[in-house]
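Both complexes below contain chain A, partnered by chain B and then by chain C.
== the complex of A and B ==
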């Protein structure tokens, strides 16, 4: 890998583009209008094309004005089509952005003879060319694209900081925002203008299609990792910055490993973003697929162990020789239990109970230890309390008592148990006449 | 010269034009027909994600074919790659929205952009490869029909016909489950399999449309024709037919435009043709077109205005406070809170239909027909007031407002039902339930 000044400027441009897009795109993801980013980034094309044709240069201001106009126009048109056609919003977006994009494409093709503009560069970006157009700022030679991104980043950051309270309210609760006197629709259009400006500033680096990756994927990743707005924005921008750096490094190092030359940095950034999202989707601490799968298994195990203890506690009340032991019919009941034993192997549950010292194997059958007896009694207590409650207060039929109590017994805290038992002062038996065990 | 060329294209004079036209028109029809169901399933943008997700498949197929020494421009192999990665993209969308709490449109955006980005990575590698005919791949992005040869058009045409036939054969099933999936599944239809089949059809149309329309715009041939048809009909079967026809017209016009003008990308031309049809339909459509809606609104507001004035004049006569034109005008202005402009407008409307005329002293008086109309309007209003009082337990102070909203849209059927509910008035105009004050307002 040979790192040159060019590479540094490419990474700087990519980082700025990523950070700017992620900052604005986060609000799109939070407002659940991600595809508006897609629509706007496609439809700014005619705005850019007209600006090119009118001014004849890649003048920044004209492009921004064109983009802002088209950005608002897109949002308005989508709304109007949606209102009149009563189609889903996605279809309205599909109509607006494809037609505007097609017009832009034709304009660019027609203008390409006169003006220095290539459809490929608009669509896929040409970050490799960014360091070649330098301008002088305070005596430093800075690539024009980087300067443009810096300006837009500053605009985005200051608008978001200035309207942070309004944006937050309008994002999470537009109705409340409106009652508090914040015009949620204006905030929405303001956001759309920011998206359009950002898209234009970024398209030179990542192109008008991959800019969607920069807008949406960082926010979507942050969604998996945090629920608070400020950390959300920080994570989102952080993810974009990391993807920009890693993306360029990957673009110049990975293809040579397979005997090819380097490849597009913009595409590689999008791919790295996709990988980061994929990892987060599986490994996020709370919402990741793995963590949630683990939670489900833990819940099933806990319900399964409680079911076994409950059965053992019932067996302990039985008279006769097999008192306190699991009979064949008990095992059948366990396998039919609504949650646990059916899905988690009974052996695993029994193993877990033995490991915790709640049951022990004596003479070839399982018996509860002292601690196990205590926990089994609690399960039995909440089960019978619930049966009593449903029977007395809920007018539930006798035959339906058991299944209902069987579910709720697993979710009864000590406090709830106390509340229940206070309702039936002195009546310490369930509807079938079996005693409700004491708390102690 | 250009007109000459356009004519030659439109009349299908050249063999090459006929080939290309066959391919694109078949595609247009199929896109229009399948698109109707896609829109009804509310999944229009899924097609966008699928088409973008096809790019890495095309590029991978290209690289594989090259590695094995074949001709990497072979369309069937490239489309096979597109089909596989398009389906993979769709599965990813469904997986992300199923297993995370992200909304579906975020899932669409993620899949669309990340797959496309990976496609660009592969494309970048191919473009920097020596001896690879990479230019052909760019056509998949913008769409280009000029490179379409006979076998390509045949492949597209045959695939389109297969998709079309399946859709027509399963029309009844698709109709049922797009409108009411719950009922369809309760009725024992294999809803999940039908859904999967429909989505497979959508992916197929997307994939065969890639060459002609391009990855970015292919969603247009699925979304624009049905959205256009929507402005003309509310019924499914006519909508499907119309959408197919519109798809064909747009494809035909766009292909002709692109073939006869220089630097006119085919995909964009087809989409712009579709877009023109859409704009025309949105403006002039018979069912929900903008003009239609506006004129309906105008008709309603005019009818409301006329009826309000009829009743105001009638009540004016009842209280008898219309001695001079000045008091009459004052009275009418107060009765409904009209501005003088609105009152003049209402008077003009009533005068035009000869319900009222101006007497020699300047007052406005009913004609014979006008009095009958005014009596009917007033009667409807008061019948409704009585109904609200006696049957809906509405407070007397509120019945006037309630009746004011509904009196303009009471149909004949509803009126006769009211008459049955309150039979004691017969055909006469009941007396007002309020005392009407000298300003004509109910108290």
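== the complex of A and C ==
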């Protein structure tokens, strides 16, 4: 791999494009109008084309004005079609942006004869060409595309910082916003203008199709990772920046490994974004698939251990010398609580209980330690209080008491337990006459 | 990223502006005045010729069957849905000029509770008008929001993400958000829907306190059994106003039958005809 000045500029452009898109796109994700990004990124095309044709150059300002106008037009048209035709919003978007996009394509085909512009660059971007168009800024030669992205990034950042509070309210609760005099519709149009400007600036880097990945995937990833707004934006932008850097490195290093020439940076950026999203989906600390699976296993283990302790506690009430002692095969008869799936092996439960020092194995049978007895008593207490409750207050049939209490005993918090105790203060036995163990 | 721009405003951030005391004009005691209000979705009327004159310092229930237009009535008053005709006045002035005197509690299901904000941040939203454009939520305002949370018994959950609150708790912070608005007239869309008994009690206490403070509260309500207990004024709605007045006067079996019982079939057919394109 040979890193050149070209590569640096490409990465700078990709990072800026990613960061800008992620910042604005986050609000699309939060507002649940992600596909509006899709619609606008396509429909700005005629705006750009008209700007080309009118000015005859690839002037940034004209392109931005054209894009902003069409951006708002798209939002208004989608809303109007939605309102008057009673179509769902997705269908309205589909009608608006495809038609506008097609008009844009036709215009660009025509314009291409006069202006230096290629439809495929609009579609797929040409980040590799970014460093070739240099302009002078304060004596430095900066690629024009990078300059455009810088300007738009600055606009996006300042508008979002200025209207942070208003954007938050209008995207969360548009009706309240409107009654407070913060007109949610105008905030929405403002957001659409930002999206339009952003997609235009990012066109050159990623093209009008992959720009959707940059708008949506970083926000979608942040959605999995955080539930605070500022961290949300930071994560979103961070993900995009990482994808830009890694994407370019992957584009110039991975294909040569297999004997091919290097590939499109935009394409590999979007691919890396997708990978980051899926990693987050599996590994997110709270909402990730792995974390949730872990939660389920932990719950099953906790229910299983409570069931074993309950069984041992009941055995301890039996008279005789072997009270409170059960062999592994005795325990296997345990009617498992419906919430503890059979997949958790009894061996694992017994191992965990021994590890925690709650039970001990003596002469081939299990018995509770002092701490184990304490916990077993609490489970028995909670179980019998629930039976009492269902019998006295719920008029539940005697035969149905046990299964119901068997489930609830695992979900009784300390506070709920206290309330139950209070209700049955002075009550010393369950409906079948078995003693309710004391709290202490 | 916020601080760079907003540090300029530090000076103004400190104290919340002093509320000017509000005294309704004694000559015009009607908190809400509605004349000829008609709302139609695609020609089909949802509200028809609604006239209302509700005095101030009452807790007014709005009842009616599903589809009677209860939420629409509130939204039309608040300019959230366009009305075909009619005028709305709050204390004798058009709603647009009285916005800051009006508080709104939308239906709980109308927002996305997965949105990344905390209870405190949600409550502070009620203060956004007072805070003004471009400014961040300053310390004084955060304190105010925290007090409102304490008011509804939610102080210890202030920094919890809103998706981790129960339905009752979510309704409470919605109410706290309305309280910080410090309005004169409140519109609440089904605040009792899906809440636990203790939340219901807490809401009732707040409604009574608001009335004692001279505020007027409109509450879309479903449970007819509690009408006498909760409200002193009642609006019975079924596309048109069936009856409106003090609960003791209008909450009669005759009015209930007219509100909930068989609709006027000829009128129904007329409504359908209006909705259809003429042949």
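The rule is short, and it goes like this: the second predicted complex is superposed on the first by the 405 of 440 C-alpha atoms of A that agree within 3 Å, B and C clash if a C-alpha of one lies under 4 Å from a C-alpha of the other, contacts with A are read in each partner's own complex, and residues count from 1 in each chain.
The rule we apply is simple: a contact is a pair of C-beta atoms (placed from the backbone, for glycine too) under 8 Å apart; a residue touches a chain by one contact, two chains touch by 3 or more.
Quick caveat: nothing in here was measured; it's all calculated off a predicted structure.
Annotation: superposed three-chain arrangement on chain A; chain B versus chain C shows a clash. When both complexes are overlaid on chain A, the residue A:86 reaches chain B and chain C alike.
In the superposition on chain A, A:32 makes contact with both chain B and chain C. Legend: residue contacts after superposition of the two complexes on their common chain; A:369 is shown touching neither chain B nor chain C. Counting residues of chain A touched by each partner, chain B versus chain C, the larger count belongs to B. In the superposition on chain A, contact is made by A:268 with chain B only, not with chain C. Of the two partner chains placed by the overlay, neither chain B nor chain C lies in contact with A:185. In the superposition on chain A, A:163 contacts chain C only, with no contact to chain B. In the superposed model, A:172 lies in contact with chain C only, and not with chain B. In the superposition on chain A, A:226 contacts chain C only, with no contact to chain B.
In the superposition on chain A, the residues of chain A contacted by chain B and by chain C overlap at 32, 86. Those residues of chain B whose C-beta lies close enough to touch chain A in the complex are 39, 42-45, 47-48, 52, 96, 99-103, 105-106, 108-110, 112-125, 128-129, 138, 141-142, 216-217, 219-220, 223-224, 226-227, 230-231, 263-265, 267-269, 271-272, 274-275, 278, 282, 288-290, 293. Every residue of chain C that touches chain A in the complex is listed here, in rising order: 1-2, 4-6, 42, 75, 78-80, 99-100, 102, 104, 106, 110-112, 114-118, 121-122, 125-126, 128-129, 131, 133-137, 161, 163, 177, 181. Per the touch definition, chain A reaches chain B in the complex via residues 29, 32-35, 37-38, 42, 81, 84-88, 90-95, 98-99, 101-103, 105-106, 109-110, 112-113, 119-120, 123-124, 207, 209-210, 212-213, 215-217, 219-220, 223-224, 251, 255, 260-264, 266-271, 273-274, 277, 281, 287, 289. Within the complex formed with chain C, the residues of chain A that make contact are 30, 32, 86, 157-158, 161-166, 168-169, 171-173, 175-182, 226-229, 231-232.
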